[in-house]
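Here chain A shows up in two complexes: once beside chain B, once beside chain C.
Right, the complex of A and B next:
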């Protein structure tokens, strides 16, 4: 039995890799180069790289300049997010866990805000002390949550039969999609204070979240519009014939289906948003990449670009991959639910 | 809904939106008067008095802001077009490698795509700039007589020199976009039904002829829209040039705002220049699309 499977493996290998002369040469060259690259990387990784720049600054990467005796607060938040991801992915499928999972995910947001900003018994922390991975996650979570309802409204507006609403939301979406994100963020930092009445001020972090929301909601609107357009008209007619009114049709029939169809695109937007929070590094926030830059500016670690950037790339890659796996899991459970109908 | 109710609803939303805009503009004017800036474009003709490392047209510090902006726009166009070509080339190769029969090659290109797509572009740009070009210790990486040279001064190709900022941006944008283009191309090739492959094989055509004559012409209509949106993304992403110190249109706007404080005017200028860039890209892609569709018709 074992021998047989090995034979199949070699047959497949022959078919896939050593198909003809050209392919054989190509495969050998690739194997050799990969081996060389891996060996060199491994050697650098173990012997040449000086990982003190990472290991001695771990708390900076995670929490930024958060007061050191309060760092358990963001730590609890990040750990709870991680635990929840693990439970979602490979936890036991007891019914009460499955039912309360969504609630648990929703409750991480107020929990995070409470833990980070303090108040009600915890000492209050200013936004400027936030940094590192904590700030990156905060920016991602808050902006994606705020932009979802805004995006839905814009998408419905663009699909609307009322010409004025349709025009207004189309203009907003098209203009927002035409300008680069960094411009939106930069002018968000500069212009939001100018548009506010004298005396009211928003701090940098929330200005960034607001700018991200304005930008991302235009993209989300287009994704949801795709979902809206793929719902057949018969659904609406069926709902009408059941005697539902306009708002019930929207709330119960159209939006849930459109969101389910748009889900893969929406999760891609969330992953993109997580990566794009790094742009705030050039606009003066010390999120993950910003912390990396400020550590590199420290004379003790000057010139250790490779170590820091490789480490940051690993962190970003890891979080993005976790998000992608969660998204795929969500899609699968959604399709399972749909077949149960 | 009844007609009267529709009109009423629209009227209500019109009033809400415009009163909101009115409040914002009112706040803006108050704030502009408070800071003593006002709103005009007269400053465009004043001398810019900042130096630009790279300029396609003659430029000196005594030239006007408007001229500096034009130089920036041309710099943007230069980096967009060249990294667009690089990205298309790389993306096509990787896309074909991903769909090809050699599974080893497919595995490697899949790895390339995930690594590139799951890390932020800004990080990759800094990687290319600080490690790829400025980090070259012995100053020269490759040097083939006087024809081709890569050093920490940039790339030199038979007399043509590209600064290290431009080269880092070119490689960063090109490699990043190529991963997305590879996925677009893979999607396009997979959209051609398997029967087509079997059909040309059964007709006795070789793999290459079949690919060029049968598969690619059918995949192109599915590829072009995806390519267009990737090109538009590339144009928008090119504004990250500021991170490596390349003076593109956004970086020059940034400098002007720091010098003069005219954020609103610069925002309008940036907006119009990007609308123009987007129109340029989407219109040329539309022309290419038409050419492809027409060529199919007459064959």
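Right, the complex of A and C next:
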């Protein structure tokens, strides 16, 4: 039995990659190149790379210059996010867990803000101390949370029968999509403080969050419009004949379905937003990429660009993968719920 | 419609009312003292000048200048907020009052200093940077003339490229420029041996060199091709703060002139207290004369500064000196008595 399966394997091998002379040559060349690249990369990883630049700065990458005796606060936040992801993905299907999951996810945001900024018993921390992965996650979470309702409002506005609202929404969406993100961020960081009267100052982190929100909500609005348009008119007519009013139709019938349809696109936006936060590195916030660049300026670690960027790529990859898996899980549970109807 | 219009008008008036509070009379200096904390704009990404240490603290020459200001104004060099700023943000941050002062490798130029330009005020220069050349020690090149007919690696489309061209043309020396897009490529080209020398700002050359495998095999020539005087800056409207900044920097320089260091400051204070005839020293250390009060600082501000950061020479040696990780020859950054340009006006 075993021998037979090995024979089949070799037959397939011959049929697929060693069919004739030309194919054999091509396969060998590709195999050899791949081997060589892998070997060299492996050798660099083990022997040439000096990973001290990563290992001795781990707390900087994670928390930035957060005061060292308070670092348990962002640590708790990030750990709770991780734990919640694990519970969501592979936790037991007990009913009370499933019912409270959404609540738990929603509560991570006030919890995070409380832990990071302090107050009510914790010593207050200025946002200039925020940095590293903590700041990157804070930027992503807050901007996506703010831009989702704004995006829904814009999408509904664009579908509205009132001409003023309809025009304003479409102008906003079209203008925002015609401006590059970096321009919006520059506007937020450089021009907003000039417009504000002397003495009134919006924190730099929040300026960034607002700029991201303004930009992303235009894209989210278009994603949700796709969902809205895919809902057949007959459903609305049916809802009307059941005696539901306009508000109820929106809340109970249209928005839930539209959001489910738009979910893959929304995931895309969330992951894109997470990666776009790295643009803030050139605008003076020390988020994950910014902290990497600051560490590279330390004379002790000068010139170790490759190690730092490989490490940062791994961190970005890890977080994006977790986000993608969570979103896929959410999609699956939503489809199951739908088939129950 | 009329209601909307009057609403807009009143809103505008409200906003403009907020925009012009009478801040002219209160100096930023008093604000810093009241706040008990100095907000200092730094780069955070320049080796030797300001960078992040593994424990999350900022270090470097620019950072030590911030510490000197904090020691003089507040009396505590730890009470500083550092704001990492990009080149584009830095002047906006001063204008909007987001930072008190800027200590971020900023070149002192006319258009930045003038009211018609950026409207800043600069403290005395704390580092004279300039374009330099780096060569391999074994090549035996010691001056610009030795580089005649050789090739030089340079970043293209920058003032660097223009400056090297001007320097060689005015000396009527022929040379071959090899142009690269950015500094990392210039360094790579130089290390691969494609050119006999590479050119950039001297501080950047020194930083690049400290990343080489054998930094001691490369030397930076004494020839300086351009002037880049880097100085701390503050808002031009605020003379009180600008004066305080100016004399803090002069105190650092004057202390080096008089040989007052971090380790002997206590002895010098005792010496001045016991010997009433040492008038200039007593004035400098704030025992007589009340000079500090005239600036709005405490009278012993010089003692505060020197006991935290040391004099200018000590700061330089610590971050850019021979035994530091980013060694840059002092050159122009030496006292006037030793061939540099640093001289302090008298503390009278």
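Here is the rule we go by: the second predicted complex is superposed on the first by the 308 of 341 C-alpha atoms of A that agree within 3 Å, B and C clash if a C-alpha of one lies under 4 Å from a C-alpha of the other, contacts with A are read in each partner's own complex, and residues count from 1 in each chain.
By definition in this document, a residue touches a chain if its C-beta (ideal position, glycine included) is under 8 Å from a C-beta of that chain, and two chains touch if they have at least 3 such contacts.
The structure displayed is predicted, hence computed values, not measured ones.
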Original post:
Should A:275 be classified as contacting the first partner (chain B), the second (chain C), both, or neither?
Top reply: first
Subject >> Which superposed partner A:300 touches (first chain B, second chain C, both, neither) >> reply: second
Original post:
After superposition on the shared chain, which partner residues are touched by A:243: those of chain B (first), chain C (second), both, or neither?
Top reply: neither
**OP:** Give one of first, second, both or neither to describe whether A:317 is in contact with chain B, with chain C, with both, or with none.
**Re:** first
Subject >> When both partners are placed on the shared chain, which of chain B and chain C touches more of chain A >> reply: B
**OP:** Return first, second, both or neither, reflecting whether A:190 touches chain B, chain C, both chains, or no partner chain.
**Re:** both
Original post:
In the superposed arrangement, does A:34 touch chain B (first), chain C (second), both or neither?
Top reply: first
**OP:** Considering only the touch criterion stated at the top, classify A:181 as touching first (chain B), second (chain C), both, or neither.
**Re:** first
**OP:** May I ask you to decide whether A:290 touches chain B, chain C, both, or neither, giving the answer as first, second, both or neither?
**Re:** second
Original post:
On chain A, what residues does chain B touch that chain C touches as well?
Top reply: 186, 190, 193-194, 196-198, 282, 305
Subject >> For the chain A and chain C complex, residues of the former touching the latter >> reply: 56-57, 59-60, 64-66, 68, 126, 128, 186, 189-190, 193-194, 196-201, 204, 282-284, 286, 290-291, 293-300, 302-305
Original post:
What residues on chain B touch chain A, complex-wise?
Top reply: 1, 6, 9-10, 13-14, 17, 24, 27-28, 30-32, 34, 101-105, 108, 114-115, 118-123, 126-127, 130-131, 135, 236-240, 242-243, 250, 254, 257, 263-264, 267, 270-271, 274-275, 278
Subject >> Of all residues in chain C, those that touch chain A in their complex >> reply: 15, 18-21, 23, 44-48, 50-57, 81-86, 88-89, 92-93, 95-98, 184, 207-208, 210-212, 324-326
**OP:** Enumerate the contact residues on chain A facing chain B in the complex.
**Re:** 16-17, 19, 23, 26-27, 30-31, 34, 161-165, 168, 175, 178-183, 186-187, 190-191, 193-198, 246, 271, 275-276, 278-279, 281-282, 289, 305-306, 309, 312-313, 316-317, 320-321, 324
